Amino acid sequence: MQAIIKQAAKKLEPQLIEWRRDFHRHPETGWTEFRTAGKVAARLQELGYTVKIGPEAVTAADMMGVPPADQLARHMERAVAQGADAALIKGMTGGLTGVVADLICGEGPTVAVRFDMDANDIDEVQDLSHLPRREGFASVNPGAMHACGHDGHVAIGLGVAEILAGLKSQLRGSVRLIFEPGEEGSRGARAMVSAGAVTGVDYILGGHIGFQAQKTGQLICATGKFLATTKYDVTYTGRPAHAGAAPEEGRNALLAAATAALNLHAISRHGQGATRITVGMLVAGQGRNIIPANALYKMETRGETSEIDEYMAAEARRIIVAAAQMYGVEYDMIQVGGTKSGESSPDMRDRVRQIAAGMDFFEDIVDYAAFGATEDYSHFMSVVQQNGGSGTYFMIGADLAAGHHNNHFDFDEAVLAPGVELTALAVAELLR
Amino acid sequence: MQAIIKQAAKKLEPQLIEWRRDFHRHPETGWTEFRTAGKVAARLQELGYTVKIGPEAVTAADMMGVPPADQLARHMERAVAQGADAALIKGMTGGLTGVVADLICGEGPTVAVRFDMDANDIDEVQDLSHLPRREGFASVNPGAMHACGHDGHVAIGLGVAEILAGLKSQLRGSVRLIFEPGEEGSRGARAMVSAGAVTGVDYILGGHIGFQAQKTGQLICATGKFLATTKYDVTYTGRPAHAGAAPEEGRNALLAAATAALNLHAISRHGQGATRITVGMLVAGQGRNIIPANALYKMETRGETSEIDEYMAAEARRIIVAAAQMYGVEYDMIQVGGTKSGESSPDMRDRVRQIAAGMDFFEDIVDYAAFGATEDYSHFMSVVQQNGGSGTYFMIGADLAAGHHNNHFDFDEAVLAPGVELTALAVAELLR
Amino acid sequence: MQAIIKQAAKKLEPQLIEWRRDFHRHPETGWTEFRTAGKVAARLQELGYTVKIGPEAVTAADMMGVPPADQLARHMERAVAQGADAALIKGMTGGLTGVVADLICGEGPTVAVRFDMDANDIDEVQDLSHLPRREGFASVNPGAMHACGHDGHVAIGLGVAEILAGLKSQLRGSVRLIFEPGEEGSRGARAMVSAGAVTGVDYILGGHIGFQAQKTGQLICATGKFLATTKYDVTYTGRPAHAGAAPEEGRNALLAAATAALNLHAISRHGQGATRITVGMLVAGQGRNIIPANALYKMETRGETSEIDEYMAAEARRIIVAAAQMYGVEYDMIQVGGTKSGESSPDMRDRVRQIAAGMDFFEDIVDYAAFGATEDYSHFMSVVQQNGGSGTYFMIGADLAAGHHNNHFDFDEAVLAPGVELTALAVAELLR
Amino acid sequence: MQAIIKQAAKKLEPQLIEWRRDFHRHPETGWTEFRTAGKVAARLQELGYTVKIGPEAVTAADMMGVPPADQLARHMERAVAQGADAALIKGMTGGLTGVVADLICGEGPTVAVRFDMDANDIDEVQDLSHLPRREGFASVNPGAMHACGHDGHVAIGLGVAEILAGLKSQLRGSVRLIFEPGEEGSRGARAMVSAGAVTGVDYILGGHIGFQAQKTGQLICATGKFLATTKYDVTYTGRPAHAGAAPEEGRNALLAAATAALNLHAISRHGQGATRITVGMLVAGQGRNIIPANALYKMETRGETSEIDEYMAAEARRIIVAAAQMYGVEYDMIQVGGTKSGESSPDMRDRVRQIAAGMDFFEDIVDYAAFGATEDYSHFMSVVQQNGGSGTYFMIGADLAAGHHNNHFDFDEAVLAPGVELTALAVAELLR
């Protein structure tokens, strides 16, 4: 089977590049992946997968950080204008752009693979030193750019889907492909888990192009120390007043936010592991001589474990509310992101290493890397592990034109086919 | 009548000095004026006044800043040891050391005079340059000293009482003498007003030796701009924890208090008049490496009017509570002092000026001074005025050895007899 | 002379209204009053005044809160497009839009009158209930509106100039007309005083339509309790860092600004008079998960006297700098506004009252009002008084469509002619 | 040699217990260990060691957290009264109570052992359930108690000294015994290292009774994750002022300290490892209505590595100074403690395990424990390691009556002889 998969992946390479470039050219940010998800869903249906979209894939009540309705509507129109199947994506109204696809191949375990689809809120650089620009596939959507490689992930996902569909008769168990919207900002996993994306899953795989593996030919088999995170947008609403004539009539939202910011940063360290707290943005007030009646701030906590992050988030919530009470202002606190911590399973790490060693592409195979940051994948993986399953997150090394989230970002497309091969092999192995 | 009063005051002078020195030698701080109040009550009974003490003079529930019970008991014992009538002062158990005495002289208005009795929490200087030490009447009570002249006020009160009792048949109306405990810290007036001290009063007089009138021969007829004030003691109780091993288990009372202190001082100014806010003392924590589980702070607000002070106090209470909530600590907030703002009545000012001009003692008679600080008398006066009465607060100039509340404080005893004369004349005039 | 002036003012009324509507239609905000100042300067030259503009009227180094150069250039072009004399206003390049005009009428005192010219940063309401819209003279300049009546003040100024020029032979002394730019935000007076606007002035007059006098027929002869003020824009520049991976590498400008805001508001009250402190706006940071490297805030202090305001401003400067040091960030602190406190002179108040009483327009003449806020006029007046002169600030009551600085603001044009009459009479009286 | 040492240790047991009880009865807190150090020095001289005390053992300029001179003098007198050799301890004047003793046994490596001598600032419980009380060796020094087992460490040190002196002819190299004062609060190591205590040392050993090894028979061979720490006492001195009359004249030390406390706790986390920050105590102000002119706080930082702690300490110093500048108060910042991080060397861990396995006392031998807190020993060890040497820190399990630093603390004396045996064996092994 190994040889068949290798050959199939090789043959798919031009198609993979074409897909990747198409997605790169039409980047869609979190919860607006109408065109991407539409293309993915249509293709998976063609391949014989049972495809769930809309409320079957995403629980609306658990979506975080969703753009306003008018913006969703505009992006949906754009998706149609850029070739999406209007009838199909109608089912994604409201930003329910997740896709879950099952290929049931008889009795056996269920193996899930997660692919993330969203682009970044970045304007892609437009000079000719940038390969996507030179080759004509730079972003045509202002304010959006695939600067994290998710375009490649989706292409790999479609490649894996095709190969596994072709092997259906040889597999025992089920393949579940999860195409996640809103990975950036840790917004998508919770709502897909709620809708059942990992229910019944025994093994889960996920990966990323680049990150700690920054050279083509490198592979990191397992990643851990994913920090859990919780993200809130907070608004305070006070009462304006003339700062000279009647300051006592005001309710000062700016000072409430300033006090919150200081005291949030003073949340106690935790004896059991690393924590983070950041108020990254604060905007308050309207004029120099008016008691500021409005304030908005964006903050996040992180923790080495989900428990530690929950300690941080609980402290933060208490402070956010108390700062409002201290200044007699109204508050609105919305969770706009959040994910669990994670650690890959050693058994899966070993499997990936063994498979990679058997391929002739990877020259530098590393067992493990500590991530020390956040990936929404860890939410899926930790739920699978809690239910008795196991999982891993690998990093496929690729030469990069610039760092992730940089407007010059680009990766070596030579890694697409090996990515497909590695992933398909890992799934097939588990379903033998 | 003027001549009679002048002569009587003159004759009383040695007695006034003796009284003053006796009270000076036995100073008693707020709510522990057992000996002083006992002496006063006994003398007023002898003079034929109807005397109220204990719960009839002071409403226990409205007393503020009362020392702990064991301290009260010790001071009561000391008072007996220093010559107080044990049977009489038993009625003052619990620190109810106010005295209210009425002399009813037929139909007519009621004229009240307030005298304050308490000493300061100061150790009197013990060197021979200090007259009370040289003359043998320096404080024998450690930690207590009459450094504000209240000893002189009580002596004047007894002198006025004696003269008016002698004129009883010539007066029409009622004399009410109010001897107030706990003036320092604005603690006594509220509880005496609750017990009825100024009920039915048409005119009220009060005064002070010194303050803005710092030379013998000076008189300020009326004082205003008494600031209202509210005083709280606040304690926070958190949870200790090892600062290295498990800081997250602590509840940090020190940071709660620090946040409260900062935000209290940031209470908005008031467009309608002056305000003050002070956290004057803060003690928190027990060791360098333990999350501090305890904090105590002493604070006060002031306002140009009672309404403005109430604005400040309401803001303060909200902040005090919210700071506790912010750090998840328990709070205890006790009002330990508070008084209303005040402004003397012009009609009373004019009366005092006219009387003073008719005496041959005052060489420099000033209409008015703005106080800009707090005197618990303003609480009595503002209630009288609210009920349609009028009042004033005069300052009897006296050469001073040192400023008020200084441990070298002493005043020229030559002002005692003129003080009696002025006060008795003002009352008699109103009851003619 | 009184009759002549009354008649002349009456005759000017249609012209006054035309002028006012022209200025209303073409509002120009602080330091961009090119068209207004150009029209004023041209007219005063025609009337025979010696006119100073540009550096002769305004010292560039003392201008505060000046818009960026490109904005000044754009507004200068707009002024020409809207009819300004391009050659004349070239002399105002850089925003030097003040005008000082002298009419020398032989030996005698110098009497100055101040008129302010700038509009507010407000979009004028465009519905037909609003008279300027209905009558076709609503603002044609987006983002600018005469919502404080300065359009009326300039019209009155031109009327006064015309009448006094006609009386030249009957006057003894000098008339000085000061047309001030950038009154809003207290930005213009300092730079005009530096350039000599009130040098040699013995009497100064200024006034305002509306404010405390909100009905046509009312007049307040003198105003006092102008608060002194100082205004700063502060920026902090730190160092960004990834909030998850390496927060210790950041320099947090947001927290520096939050600490500054809190501690600024905690500046101690002043025992000698009212103070104000406001941080009215704060913007910091760029993204949730980046240590914020930038912060901007706009703040101001006020004081009952110039000394008290200087106490506040000195405290503020120390805190602003120390907060930067606390977080290791760079700071930039620019004074963008500031004026002195003020109190009208009683002799001038009496003069104005007497003149007003002799006119047949004012039905309700009030001696005095406390302003309790800031007017840049007080800067001019206090310098005149310091040099031994005297001055007053009157308020000409007018029925208002809405409050000052409201986008529905409009005033009763019936007050223009009486305004001219009152002012011209006051000047003429002093130069008789 | 193993058998000889075992036998010698066994024989010493009664003496070890006697020593331990003598030291327990006469506890001496940091830098006042005159009697203890005197007894140790005298005994080591008898045994033939070259003994350094006073400035030869401790560099005065690097001592941290030294008590005031009068207290040192009093404790020195007490030491003499309790049997210390007055002539000998004179050399320790100023609290230079460290002892360094060398036994030179020809060519070979130098092996150091560190023993800490100081007691805790605790009153020992005085009820009969407490063995030291029942057996008559409870503390006779008020405010001091050996509640951390250092009495046992000193006894072990004397036992080790005696056994190694007896084996002198069989050893090749040098023994260096370091008796450290002021371990509590991390105060002693720096000043001993400065004086050369570990200069030329190739191997270093240290240990503790109890801590993570809380049962007799347990042994932890190596300890790591000692946190580095830095400790400051900070005082702020402002200017008092009457809070009602002239608050602006004050310089508020309480608010400076409150701001410092909050902002210290807000120091950013570090991406490379754990940090701690604690302001454990704060005392400020004198009276409710006086602007507080004094503040004192005690704080500490910790870091997973010395570098991380130095980051924390540098941040802290900047904040401490800036908070003083913000409020215009003077500051005094004294380092009163501090030590480096540490990690035992694997080679030494293995040696200790092997030796322990060869004894018949330890039933439960554990390789390693993470300390997660601070021990001044890590300062000595990290310097030795930096110079190319190696070291370890073992924990000798003992049944405890109560936790460390509890006033009921007591340990099973059965561990003393095995402690001597283990330590002497480890040294002898290295010097064979």
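Of note:
By written order: A, B, C and D. Residues from 1 in each chain.
Convention: contacts are C-beta pairs under 8 Å (C-beta built on N, C-alpha and C of every residue); 3 or more make two chains touch, one makes a residue touch a chain.
Only a predicted model underlies this, so the values are computations on that prediction, with no experimental measurement involved.
Of all chains, the one whose mean C-alpha position sits at the greatest distance from that of chain B is A. Counting C-beta pairs in contact, the pair that comes out ahead of the other among B-D and B-C is B-D.
If you average the CA atoms of chain A and of chain B, the two centres end up 69 Å from each other. Our note on geometry: chain B versus chain D, Cα centroid distance of 54 Å, whole angstroms. Chain centres here are Cα means. That of chain B falls 50 Å from that of chain C. Residues of chain D in contact with two or more other chains: 244-245, 247, 255, 259, 262-263, 265-266, 268-269, 271, 276, 291, 372.
The residues of chain A lying in touch with chain C in their complex are 185, 227, 229, 231, 242-245, 247, 254-255, 257-259, 261-262, 265, 276, 278-292, 298-300, 302, 372-374.
Residue ranges on chain A touching chain B, taken from their complex, read 244-250, 252, 255, 259, 263, 266, 268-272, 291, 311, 318-319, 321-323, 325-326, 328.
Touching chain B in their complex are the following residues of chain C: 262-263, 265-266, 268-269, 271, 274-277, 372.
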